[in-house]
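Only one structure is covered here, and it is reproduced in the block below.
Naming follows writing order (A, B and C), and every chain is counted from residue 1.
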Amino acid sequence: MSAPVPAQSRQLILDRIGAATQSVKKDASQLADAYRALPRAYIRRGALSPAARIELMIERLREYDAEVVESTPAALPAAIAAQLKASGKRTFAAPEGLPAEWLAGGYNWKIDRGLSTAEIEEAEGVVTAATCGVADSGTIVLHHSPAEGRRVLTLLPDWHLCILRASQVVQTLPEYFDGCPQPPALVTTISGPSATADIEMTRIKGVHGPRFLHVILVRDEV
Amino acid sequence: MRASLFITCYNDTLYPETGRAVVSLLERLGVELEFHPKQTCCGQMHANTGFRAEAFSQAKRLVRLYQDTETVVVPSSSCVAMMREQYPGLIEELGNESLRKDFAALLPRVYELSEFLIDRLGVEDVGAWFPHRVTYHASCHGVRALHLGDRPYRLLAKVRSLQLAPLPNVDRCCGFGGTFSVKNAEVSSAMLAVKLQDVIATGATFCTALDNSCLMHLGGAMHRQYAGMKTIHMAQILASTEASPAEGVL
Amino acid sequence: MSAAVANHPVLDPTIAPSFPQAALTVLRNPQLRKNVAHAIDVIQAKRAKLVAEKTDWQELRTAASAIRMHAIENLGAYLEEFEAKCTAAGGVVHWAADAAEARRIVLDILRQENASDVIKIKTMTSGEIQLNPFLQAAGVNVFETDLAEIILQLGEQEPSHIVVPALHINRSQVREIFARTMGLKDLSDDPQELTNAARTYLRQKFLTVPTAISGANFFIAETGAVGVVESEGNGRMCLTLPRTMITLAGIEKVLPRFQDLEVTLQLLARSATGERMNPYNSIWTGVTPGDGPQRFHVVLLDNGRSSILTKPKERQTLKCIRCAACMNACPVYRQTGGHAYGSVYPGPIGAILTPQLMQMHHAQSLPFASSLCGACFEVCPVKINIPEVLLELRAQVVNQERKDLARFFDPMYLGLRVASLLFAWAWLFHASQFFGRIGIRLFTRKDGWIHSLPSVGGKWTQTRDLRGFPKQTFHGWWAARARQSSPASGKEAK
């Protein structure tokens, strides 16, 4: 049997689908309405106070063995410096858009203006900002903006310091989605360091991706 | 209060003592019982084994039999589940409007035994006496199809001198599953072995349930293994009094 | 070290033994049964705790079920939207009508890229189309990168679960596999050490192999984005380091809008691994200059899904988001593990999906591999009424088989056909009880119990006794009592 021409398969599949859903599918004009009418009685907004929300975020991050320290905006550069010092590492990668005052002195900074994979491999750690924190699940969301960096930047180094502002923290996952003006092209969500439970269901940290996740929670809300 | 007893095909043939207990229990509670002599089967065995074509006539027959009956009591969760879960589809497919109406009117009037006692008669204490250590197995149809909830426990709690031993993993299937028990006999037996471990570990003398189907499976293994335990339908526990203890139980 | 090991050679529904037969082998393997039960108990306990904590769990299920059903019912429109948006973002979308075509498309892309090696993220869909052996035979080295998949690949075994594929293997078995294939003689069986060994083994692959194959958990129609849900980070490695990315997934994976992830992501991790959120989710849209693979292909796979779509009752099978909650809850799966199902999709979802993907030509024993307990439906995050579909498929299998003359004398078929006649008339039913009681006396021992029966009955008496038929039926007792109390009338209805 000869291989079908690609365009044929596309039409074949769409025709099959069309015939199968003839009695249930909506036409273009009704599709949006049908979508809007779908039941969504789940919790959209969390009921926690801002203070409780932050406490929950910190608690959940710590449950995943991420290290969390708090800071004020004024004390942030010092807090970053303290984390870098405590890590015992010397070489750090940073996204191009990371604020200059976060680049503590005395370290070998590799700013990503097009770093090769080999160069990123040499970095022992990476420092980035974040887009959002979801307290319910202790999740950090990255949109890979200039201050968050390319995806590979938060993947190869073994140690990731993430700066998360309190004003970026929401309680529920729907709140994160509600807060996106439009869907981003790239999203990575991080809920603790990488893990596997493939061997006897024992959760082991650090398969690939950073084994050490540190978060500075910046109290930027009055 | 009048009620009509649908005994179910397998209770009629294999566990008439359960039927006798239901009669004794309900009459003691002041229910005037009727028994339709033409009843046979609800069709579950056929519907569940893929012989759906044969189930239509059985469903229709049952609906016609009870269409003018005020209340139907059934000492079997699985048969009531059949009527609630599968009859709507079967009756719909038959496309007979008067049948559909009669069925829709009948369904709310059909009660599993514990539902009848608690919801319809409004009683928990049926005046029963059963001086033994008992564990209760929650059959899958009772739990997930009928949502019996705590009804069986409320009834057992009021039985005098009964010691209730809670069963771990109470919601886990015993492995009967109708013809599954023979079509997949080995897996069914593996599931039974696991269930039996939990049942025997309770140290109870009796294992009870609201379905003789599960009890036939559990009891059959107990007997084969000289397990030192017996099964008994809850109707027989509830019917048991000092004056008239459960049949065949010391 | 050779990676030229054919993956999943036996999980082919067209040649797998029937479930009852396959189950026999695993039932007699106590180590496997212990491993499976242990893994399941861990996930179930974690899941239960998190579900209890999530006060809107039922509302989430309702929403997810509605969203997925809406997507399935309007699949054509959403797939076309996805294709347009993905293409506009720099992706190349291919459509594969069946497994053979999907394999060919993937191989053609690899040839275009001159790729002799490829790294893979776990995807059951590639197992469904038997991709690995096909590529190996064509001279492409396939390197699995999921820890479970490496264990299986190096250990030359098949997956037994869709989320934790190696749950049937314990730590000392993993140690043995790694020590042997990675040449690590002093390796202990500590899971941390085993995991480190895998991490080291894979690092070089991630950094050097320029072509990757993935599956997809979701397609987003609104934006043309693809989503991969994972724990280990090997997905992120494969999605960002190579030059070329090929994503292969079933057409039913589509969600209408990005926002719909707010429902599915809350359900998926809790259902699959008992976590509030899995470590990493990656969502990408076509090609992003300077970040990740610059060549991106999506292969949309039909392979029987559109035929499932034609059936109103069975259509709900396609709502599945591959969380495996059903198999974790299933008391049958607990005893047999996944291999007995003869498919990369085992457990309750496998029992309905596999035969339907085969258009009911194979795997006909799977719909019967269930006691219909309903635990699967209770936990399914998208509310697939698996028991309802099982019953529907059983009827289809029986309708196929009853035409077969050989079946006419099959004791089960004969018995059930006769029984339906007996139930049609009360007098016939009563007569059959009477004669049945006489006949069964042949097998009833002095203790009043039956210990051994022939034919189908023998399957019962393998492990269970059966109490002998009582002398008097219930209806007989009722009639006698009525005659006693009032010889003329009787307490009989109508």
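Criterion: a contact is a pair of C-beta atoms (placed from the backbone, for glycine too) under 8 Å apart; a residue touches a chain by one contact, two chains touch by 3 or more.
Only a predicted model underlies this, so the values are computations on that prediction, with no experimental measurement involved.
Trainee: On a CA-centroid basis, which chain has its centre farthest from chain A's?
Mentor: With centres defined by C-alpha atoms, farthest from chain A sits B.
Trainee: Based on Cα centres, what is the most central chain?
Mentor: C
Trainee: Distance from the CA centroid of chain B to that of chain C, rounded to the nearest Å?
Mentor: Going by mean C-alpha positions, chain B sits 32 Å from chain C.
Trainee: When the centre of a chain is set as the mean of its C-alpha atoms, what distance in Å lies between chain A and chain C?
Mentor: Taking the average C-alpha coordinate of chain A and of chain C, the gap between them is 30 Å.
Trainee: Once you find the CA centre of chain A and the CA centre of chain B, what distance in Å lies between them?
Mentor: The mean C-alpha positions of chain A and chain B differ by 53 Å.
Trainee: Along chain C, where are the residues that touch chain B in the complex?
Mentor: Spelled out, the residues of chain C in touch with chain B are 19-20, 23-24, 27, 33, 331-332, 334-336, 367-375, 377-378, 391, 394-399, 412, 416-417, 419-420, 422-426, 429, 433, 436, 449, 451, 456-457, 459-460, 462-467, 469-470, 472-479, 491-494.
Trainee: Can you check the complex and tell me which residues of chain C touch chain A?
Mentor: 35, 38-39, 42-43, 55-56, 59-60, 62-63, 66-67, 70, 72-77, 79-80, 89, 94-97, 101, 104-105, 146-148, 151, 164-167, 169-171, 174, 191-192, 194-195, 198-199, 202-203, 206-207, 220, 222-223, 225, 231-234, 236-237, 239-241, 251, 256-259, 261-263, 265-266, 269, 273, 275-286, 288, 290-292, 300, 302, 306-307, 309-310, 312
Trainee: Okay, in this complex, where on chain A does chain C touch?
Mentor: 3-4, 6, 9-10, 12-14, 16-21, 24-26, 28, 31, 34-35, 38-43, 60, 114, 117, 121, 134, 136-139, 144, 150-152, 155, 173-174, 176-177, 180, 183-202, 204, 206-209
Trainee: For a test of understanding, state which residues of chain B touch chain C in their complex under the given definition.
Mentor: Touch residues, chain B against chain C: 4, 7, 9, 11-20, 23, 33-41, 43, 45-54, 57-58, 61, 68-69, 86, 140, 144-145, 171-173, 175-192, 194, 216-217, 219-221, 223-224.
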